[in-house]
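I am attaching a structure below and will ask some questions about it afterwards.
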Amino acid sequence: MSESLYQEIILDHYKNPRGRGLREPFDAEAHHVNPTCGDEITVRVRLDGDTLADVSYDGQGCSISQAAASVLHELLTGHTLTDSAVAGTAFTEMMQGKGKVEGDEDILGDGIAFTGVARYPARVKCALLSWMALKDAVHRASTEKVG
Amino acid sequence: MAHRMASPLDVDRIRKDFPILERRLAGDRQLVYLDSANTSQKPRAVIDAVTEHYERHNANVARAVHQLGEEATAAYEDTRDKVAGLISAPSRDEIIFLKNASEALNLVANTLASGLAEDPRYRLGPGDEIVITEMEHHSNIVPWQLVARRTGATLRWFGLTDDGRLDLTDLDELINTRTKIVSMVYQSNILGTVNPVERIAARARDVGALVLVDAAQAVPHMPVDVTALAEHGVDLLAFTGHKMCAPTGVGVLWGRSEVLNSLPPFLGGGEMIETVAMEGSTFAPIPHKFEAGTPPIAQVVGLGAAVDYLTGLGLGAIHEHEQVLTAYALDRLAGVDGVTVIGPAEPVDRGGTVSFTVDGIHPHDVGQVLDEHGIAVRVGHHCARPVCVRYGIPATTRASFYLYTTTAEIDALVDGIDEVKRFFG
Amino acid sequence: MAHRMASPLDVDRIRKDFPILERRLAGDRQLVYLDSANTSQKPRAVIDAVTEHYERHNANVARAVHQLGEEATAAYEDTRDKVAGLISAPSRDEIIFLKNASEALNLVANTLASGLAEDPRYRLGPGDEIVITEMEHHSNIVPWQLVARRTGATLRWFGLTDDGRLDLTDLDELINTRTKIVSMVYQSNILGTVNPVERIAARARDVGALVLVDAAQAVPHMPVDVTALAEHGVDLLAFTGHKMCAPTGVGVLWGRSEVLNSLPPFLGGGEMIETVAMEGSTFAPIPHKFEAGTPPIAQVVGLGAAVDYLTGLGLGAIHEHEQVLTAYALDRLAGVDGVTVIGPAEPVDRGGTVSFTVDGIHPHDVGQVLDEHGIAVRVGHHCARPVCVRYGIPATTRASFYLYTTTAEIDALVDGIDEVKRFFG
Amino acid sequence: MSESLYQEIILDHYKNPRGRGLREPFDAEAHHVNPTCGDEITVRVRLDGDTLADVSYDGQGCSISQAAASVLHELLTGHTLTDSAVAGTAFTEMMQGKGKVEGDEDILGDGIAFTGVARYPARVKCALLSWMALKDAVHRASTEKVG
């Protein structure tokens, strides 16, 4: 049941979230809300040059949105901003692919487990919530550093 | 116990009137539709009325001297009589057809805010107060926030008690001589609570404030008598077709003639005029004054068929049926570990809309797994986010009943919740 | 001569798609429907799409995680893509579903008048000028009169030439740096005139004014490309489903993203929000920001089927067909003693809507006698009373054509007029 | 053809209107418009005590509205306000009767020819237009006399 949507990997990240909790110090944070269901996520980033030294998060919401944040943390912490942008684009494409776009495991790691979610339009936003918040936080951190 | 009461409806026969209830879902699952507070399903009689209108009588209304135009106009205006009858309105001219309940609520807010009314009682300005409640649907919150910003009026509201009812402790302070309008929901779409609108309206009348009732969740489910409500001080009442077996795209505003006559026009155009010159225009009498542009003609015709269908069964009987279901559902849910009902726990002054949480499992996940069993519920804040905030929860799962709902479907829901808990446990 | 051109449409085949065209009227007369500018008839494909929606997919949109909700949402949002395609909109988010064209026009007028926009270009006030034309439908006059009264802005308009066209002599004076918005009809519903919207829009753009086009009579009848129009300065465009083979109860507003993003919300409620708190709310991005309340779901689904139907035949072909009919009708009416066409007499820059007077016989009487012969025309001022005043007549008789109209029906009209003259002669 | 609507009597009043034209002196007038079709009528009354000494009118419009004004003039000139009120009520009832209410010839005179019009909702307003204007004009004349 629900195999297509609730992959084991997703349930595992949901039940055992990696790196959950907001940590200090951080350079910027972003808070995103899914108005349809009340899912909320706060994502904090700390930059070390071009590297995401830490991605921390907290939030409340459904298994999909919470698992996505956990995957995000695991996948991107310690990686470059370029890697993060590439992964963000790939994940978004996959989620907008209506279940027909397979993700590249090299780029998305456990993120590829979300392919099935893309078949459920109402849940796509849940999966993307933390990725959007990350993008915002990174943007803020980068512009503040420059400015 | 209440749920031992028998339903006065022959639900098996009623279900045969609704084609969609025979629909097989993915995996050949049977549909268990518990989302009627969101939108109701449509009986064959309503679907056929719309089809027949398009196939035989389609024309614009009130503008044609030809036969099709006369037929379409007659059908459209007949529905006005039917709706007036349904809610016991003293005059058919007090029935305004709009696109949904939201438009009806916005119409009142916007005409009060426009400043165009001659009588100052119908003009909002700085110092005036608008009173709503914390259990309103967004459609009865946002319009008032917008007009408060535009006019400088102040928005105030009744809070909620822990058991899901209006906290009326401050009734006499909240509704005072500065109050220009009180707008409140009759039956909450998230808590199921039926509010004491007469009592609140009476206080509003004492201070000379207008009273608007959002009856989107009331008119479909119980007998509503606006003549009686008006005696307690209710001036205006809004509801929506799609929640009462009618097509989407049509809503109703009822208002006392005196009040509707005093409000300035809302949307301009089409047949809402008396005469138009480039330099200025005069307006038609109600109801046409508020029906700008081509109205939802086929949808109004469908609404007429829906009113016939509902009154054929009897709103009293429908209400009783739902009371039986509500009692049964509250009783069964009380027996499920980890389930907490948000809203009145007893089947008293509440309708067949039951919101609940499942410990540690987000409503989105509850709804998704239920859907895999063919059980359609709504999850989220149900366009009443302040209620979720009030009870410290992000969202709820909501099961809502109607005339075609069976106790077997409530059993399926309870079994489904067990599955949910197993899956995420 | 133009009317010798052949129509590119197989009208006999098309007529079989419209069940109502087989309708026998009182006295077993065949229907000759020449009132499509008022409302169009509906093809089987559209009627069936609505029926199938109610029988199999009915649910509320954007709110449900269940299968019916997903199906309904997909069908609703698919229509957004189809409509964007139909008018070549650069983005699907620029398509707003409303109840009719009147609501679309009122939306623009009211949001400009609300004073809630951050950017002063989107706030009307004293000293600002609104420019319309003397050939507007009431739906594009009355809203501007109302907001002019509310805001202190001044309403100005283009006059008409004797042959039924806009008098643009004063173009540069009428549209000046005080002008905030120009709102004009693309094709007149009474004169048939197709206006040079690009030229007028270009002047408006030069002075920084917004441009709204009322395309209620254009989108159903000719290819409309908003990307191209936007290059000339058009910002917003309104049209209505029921005149383009779609159900009643649904209209469309297209707007450039930048403009729609800058306008404040219109109606509040339902899914137009981002987040709601009692203290204040934030709003969803377009298109949802302007779609308060439960939208006309089944009607939008029907609109999608209508767009498929029309694009299947090709808007270019439909336009050509109507050009042929128009030339034929103008030619034949020119041969009837006592008949005067009100509007352009040549089939150039005009559509298939032909208004006329019959010497000494009131249009009401013309229409009534035609109806006795099964011929459905519209009589009156056609919601464009200033045009009648301009031409010194109380009303006109109007025959209007669409893709299912035949030259034989125009012959029937001409024969009918002869009967009218005999009867009252 | 059109027998039910266009009775000979109506056509006759339309083609040969009785007493048409606005006359002086008068005590009050009322101008009524039918917004659907642009029919207009002005009705003037001159009172002599309780008697309608003159009912004059002018207007433009369809055969039904113009014939109704002619009938009105013929029927009520020289009659009392009470007769006029009784006829007005009877005519209105007949017009709202959907073609099922027969008029009383003693009260309505040629007005009974309009029974058939009552079956055409769009035309009922045309028939009533001058009657409504008369009612208004009489009301004004009476109140002004009193005031």
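A, B, C and D label the chains in the order they appear, each numbered from 1.
Simple rule for what comes next: contacts are C-beta pairs under 8 Å (C-beta built on N, C-alpha and C of every residue); 3 or more make two chains touch, one makes a residue touch a chain.
On a predicted model such as this, the values are computed, not experimentally measured, just so you know.
Seen from the C-alpha centroid of subunit C, the farthest chain centroid is that of A. Taking A-C and C-D together, the chain pair joined by more C-beta contacts is C-D.
Work out the mean CA point of subunit B and of subunit C, and you get 31 Å between them. In this assembly, the C-alpha centroid of subunit A lies 45 Å from the C-alpha centroid of subunit C. Averaged C-alpha coordinates put the centre of subunit C at 38 Å from the centre of subunit D. Taking each chain's centre as the average of its CA atoms, subunit A and subunit D sit 77 Å apart.
Of all residues in subunit B, those touching 2 or more other chains are 63-65, 69, 271, 273, 275, 364, 368, 379-380, 385, listed in ascending order.
Subunit D has residues 36, 120, 123 in contact with two or more other chains. Annotation, chain-chain contacts: A-B, A-C, B-C, B-D, C-D (touch as defined at the top). Residue ranges on subunit C touching subunit A, taken from their complex, read 62-65, 69-70, 73-74, 271, 273-275, 284.
Remark: subunit C residues 362-365, 368-369, 372, 379-381, 385, 388, 394-395, 419, 423-424 touch subunit D in the complex. Within the complex, the subunit A residues that touch subunit B are 1-2, 5-6, 11, 14, 36-40, 60-64, 66, 120, 123, 126. The residues of subunit C lying in touch with subunit B in their complex are 19-20, 23, 25-26, 31, 33, 35, 38-39, 41-42, 46-47, 50-51, 54-60, 63-69, 98-103, 105-106, 109-110, 114-116, 134, 137-146, 149-150, 155, 157, 240, 242, 247-251, 264-265, 267-273, 275-278, 280-281, 292-299, 364, 367-368, 370-371, 375-380, 383, 385-386, 389. Across the complex, subunit D meets subunit B through its residues 33, 35-36, 120-123.
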